[in-house]
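Note that chain A is present in both complexes that follow, paired respectively with chain B and with chain C.
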Partner chain A sequence: MALLVLCTIFALQSEFFLSERNLTTILRNSVDLGIVCAGMTIVIILGGIDVSVGGILAVSAVLIGRAYQVGMPDWVVVPVGLAAGALLGALNGVIISKSRVPPIVATLGTMYVYLAVLFLVIGGVWISGLPSSLSFLVLGDVAGIPSGALLLAAVYVFAWLLLRRTPWGQRVVAIGCDETAARLVGIRVDRTKIQAYALLGLFAGLAAVLYVARMRNVEVNIGTNIALEAIAATILGGANIRGGVGSLVGALMGVLFIKITQNGLVLIGVSSLWETVVIGSLLVVVLVIDAIETRRAG
Partner chain B sequence: MKDPLTQRLVFLVGLLVAAALAGAVLSPHFLQASTVGYLLQYVPVLGVLGMAQTLVMLSGGPGIDLSIGANMSLVGLAIAGMFGLGVPLLAACAAGLVIGGLLGAVNAVLVCTLRVPSLMATLATFFAYSGLALALTGGTPIGGLPSWFGTLAQGRFIGIPIHMWTVFVPLGIVLHVMLSQTRLGSHIYAAGNDERAAFLSGVKVWHIRFGLYCLSGVIAALAAIMTLSWFQAARPDAGEGMELLSVTIAVLGGAHIFGGIGRISGTVLAVLIVTTLQVALQLANISQAWQLAAIGVLLIGSVMADNAVGERLRARARRNPA
Partner chain C sequence: MTGTLKLAMRGIVKRFGGVVALDSVDFELRPGEVMALVGDNGAGKSTLIKTLAGAHMPDEGVMELDGTPVRFSSPQDAWSRGVATIFQELALAGKMTIADNIFLGREITRNVAGISFLDRRAMHRRSRELLDELDVVVPDIHTWVEYLSGGQRQGVAIARALNIDADIIVMDEPTAALAVAEVRKVLEFIKTLRRQGKSVVLISHNVQDVFEVSDRITVLRRGQRIGLLETANTTPEEVVGYITGAAAAKRRPAETT
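For the complex of A and B:
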């Protein structure tokens, strides 16, 4: 609903907004955040949170960059990026479930560590001039549909099936609603948590692959905002930070909302510096409306 | 058996000694008197933010203030901006403290009145405040402050920076006394330990939390004033990264993320540890990346150690109930 209002405003203000090229651009820019957000939604439904995804994305991307530089082919590089992401995600999961450190503290700690790894590997210089052999994954199109959109759709369908049509998904929701109860009915809580965080890591790795494919470089400040943006998008999409409730479709809407705001503001001639203000204020408004509705219902 | 918080303090002092030893091993320049002044230069800003974060966490809920760094940036710009418009600097600083309190009050309204979880509410205001700081200035710093203003954070008294004497130490003492000696302090702990029980026994949980979010904003403004005096300019990204670092310091200092446990003395030790590590690595000319890694490992490790100790104590309590 809000998304429609937003689009109408931008469409009225700038004739370029609704052009096919611009919509494709928005989609392409949404792919990284969108993929990460699918994983983030599952982790938040589980009652967790991961502020280190930016770090995971960065480490995967820098490993991909280095792998390309030593001349490895695509079919080695891509699995390296994905595996790195999944491993780092699983590491988060292990720390959170085995040592009972609250997820926000644990991932805050691992974020520092992952950023350190990034700086050590990258050494303060951009990795650039990477091959373009994979850019068709984001920039190409299949039968007129941008391939980035197809990929994004595939990830969401996969995540949705996993969450809503498998016993694993039911376990995730159960843990998010009441962890103690889930443990008592025999759900292996630790294992499910590790799997969920690993899945988010895997998605972050995939986002890294696509990022490198699209930009063909790895910069020092890669991934800095993606964790907070992903959390914001998930919450905009109706997830409850306390766990148990959340929607993949909502999260995807949240992602588009953020990206359309960023894109639309530039088109109607507002400095891009304002985009964070707008996103933040919208987030506040959504939270307030939510709070008032909850109070009226309760 | 000693209580776990005292154990925690002993552990932190040990860590601090270890950090200082590491510094001495890594760099021949570390064990010099001038290092103390240099090191303490960095402590107050981070330290007061850590204290604010500790207070917000203590009162439970669970409470957290992610907007604290963005608040600091915005207040710094407001003060420098007002000064640029001809407002006397001290009046601008006073107004800055009020603005900081108001920005904190926005969090308080969201979290306490509207019952939005603090993580989400302050994440939203973090976006809004930091975005505003960037957008209002277009990313350029505001300078032109009088040089006498620099005395606060650049001057020394007996070798120790003046803002240590005038801001950090007094604030630390006041907050410590408030928490440990006053009724308000015990009410804060009560609210963090068991919200419902505290409410039923007459503790004004709502008022306490509301006040602490505002106080956190005022303290962020204090940090802004110190930074302003130090750098003689207001940068729109002055507080960037401070929100996570202040959480790190509060947690490392023994504050429990769900409230009810923690002490100002722990926070002070944690700031000293983190700063000592940073300065030691800096003097030894070791890449900044290792500083990040060290902080991350320290953060997770200290919470893990805490949990392990806590579990052993609980197990002991089960074996021989008093």
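For the complex of A and C:
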């Protein structure tokens, strides 16, 4: 709904907004965030949060870049990127579940570590001139449908089936509702948490693969905003930050909302600084409404 | 007639640091009986129940299930041997449906292409059967548990216990914090369980409730069992006397028949 209003406003302000080329651009720009956001939604439903996904994405991207530079083929590079993401995600999960440190603090810590790794490896210089062999994954199309959209759809269908149609998904929701209750019915809470964070890491690794495929370089500031944008999109999509509730479809809408806002504001000539203000304000409004409703209910 | 006992706990001792919470307590349960467990705060009721539920390991003493010695290493262990404890917090996930809660941790699955998917239809069917058996009235099986009344939640928690074929159901203060009509409903659940041949342990502060549904009453006081009474042969006054210690002088545990 909000999405339609937004599109109408931008379409009225700029005739270029609705052009096929622009819409495809928005879609391509949404792929990284969209994929990360699917994992973030599951982690937030679990009652967790991960602010280090940007760092995970960055480390995976650097590994991918370096692997390409030493001449490794795609079929080695891609699994390396995915495995690095899953491993770093699992590390977050282990720290959170074994130390009982609040996830926001634990992942804040690992974010700094991961970003430090990025700087140590990259040394403040871009990795560039990477091969374009995988660019078709984001930039190409299959039967007229942009391949980025297909990938995004595949990730969301996979995540949705996992969350809503398997016992594993039931465990995630139960832990998000009430961790003590989940333990009492025999759910292996720690293991489920580690798996969820690893899945988010895996998605961040996939986003890194696609990022490198699309940009063919690794910037120093890669992944800076993605964690906060993913959390914002998930919350805008109806997830409860306290866990138990969330929607993958809603999160995907949240992603499109954020990306369309970014794109549209630039097109109608508003400074891109305002984009952050718009999304930030909206987030505050959503959270305040949620807090008021919770207080009324409880 | 010890051979017919469903559960026997003998000489259970549990210490926390220097405090003796359970001082050589005996507890027993016959098949198809409702045993009330009463006592003042700090009498040892929770400690005894947590031992039975597998949440505590006793320091001394033995526990027998159907005449076989057992040791529960965890609550899951106790559940898997058919001893289901329903704590006051109920262990329900508020933002999940009734059926999802009944099957939480033991979902029915269907194999599609090597992956286990939830078989929601089977779970809904079985949930409805269980709730019907218990006569739990809920608006819709898809309702989130947090929208149910306290009595309905008790019903869902009991249905979960029945789903795993528990034959001992321990209920910790199930009627506390419930409205009068809801209390009636929960007491009916307990009677239904007895009709189904289940053994029930009812922990309660409410002597009236205890007299309405129980067959026998175990009274704990300061970590010891000071009374084992046949409900039919005692009076609320006498039970209160045991609880407060006034009747301790004329100690007269009813022998098992």
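Basically, the second predicted complex is superposed on the first by the 287 of 298 C-alpha atoms of A that agree within 3 Å, B and C clash if a C-alpha of one lies under 4 Å from a C-alpha of the other, contacts with A are read in each partner's own complex, and residues count from 1 in each chain.
The rule is simple: contacts are C-beta pairs under 8 Å (C-beta built on N, C-alpha and C of every residue); 3 or more make two chains touch, one makes a residue touch a chain.
The shown structure was predicted, so the numbers you read here are calculated from the model rather than taken from an experiment.
Asks: Does the superposition put A:L228 against chain B (first), chain C (second), both, or neither?
Replies: Once the two structures are laid over each other on A, A:L228 reaches chain B alone.
Asks: Taking the superposition on A as described, I'd like to know which of chain B and chain C A:M111 touches: first, second, both or neither.
Replies: A:M111: touches chain B, not chain C.
Asks: May I ask you to decide whether A:I292 touches chain B, chain C, both, or neither, giving the answer as first, second, both or neither?
Replies: So A:I292 only meets chain B here.
Asks: For A:I187, decide between first (touching chain B), second (touching chain C), both and neither.
Replies: A:I187 contacts chain C only, not chain B.
Asks: Applying the touch criterion given at the start, work out whether A:R165 contacts chain B, chain C, both or neither, answering first, second, both or neither.
Replies: Touch partner of A:R165: chain C, not chain B.
Asks: Per the contact definition in the header, classify A:S133: touching chain B only (first), chain C only (second), both, or neither.
Replies: In the superposition, A:S133 touches no partner, neither chain B nor chain C.
Asks: Just checking: does A:S19 make contact with chain B only, chain C only, both, or neither of them? Give me first, second, both or neither.
Replies: Neither partner.
Asks: Is the number of chain A residues in contact higher for chain B or for chain C?
Replies: Looking at chain A, the partner in contact with more of its residues is B.
Asks: Kindly list the residues of chain A that each of chain B and chain C touches, one partner per complex.
Replies: Correct list for chain A: none, the interfaces share no residue.
Asks: Please name which positions on chain C make contact with chain A in the complex.
Replies: Chain C reaches chain A through residues 75-76, 79, 87, 89-96, 100, 103-107, 109, 115-118, 160.
Asks: Please give the residue numbers of chain A that touch chain C in the complex, ascending.
Replies: Against chain C, the touching part of chain A is residues 161, 165-167, 169-171, 173-174, 176-178, 180-182, 184-187, 244-245.
Asks: Would you tell me which residues of chain A are touching chain B in their complex?
Replies: Residue list for chain A touching chain B: 49, 51, 95, 99-102, 104-106, 108-113, 115-120, 228, 231-232, 235, 241-242, 271, 273-281, 283-284, 287-288, 290-292, 294-295.
Asks: Per the contact definition, I'd like the list of chain B residues that touch chain A in the complex.
Replies: Its residues touching chain A are 64, 110, 114-117, 119-121, 123-132, 134-135, 138-139, 244, 247-248, 251, 257-258, 287-293, 295-300, 303-304, 307.
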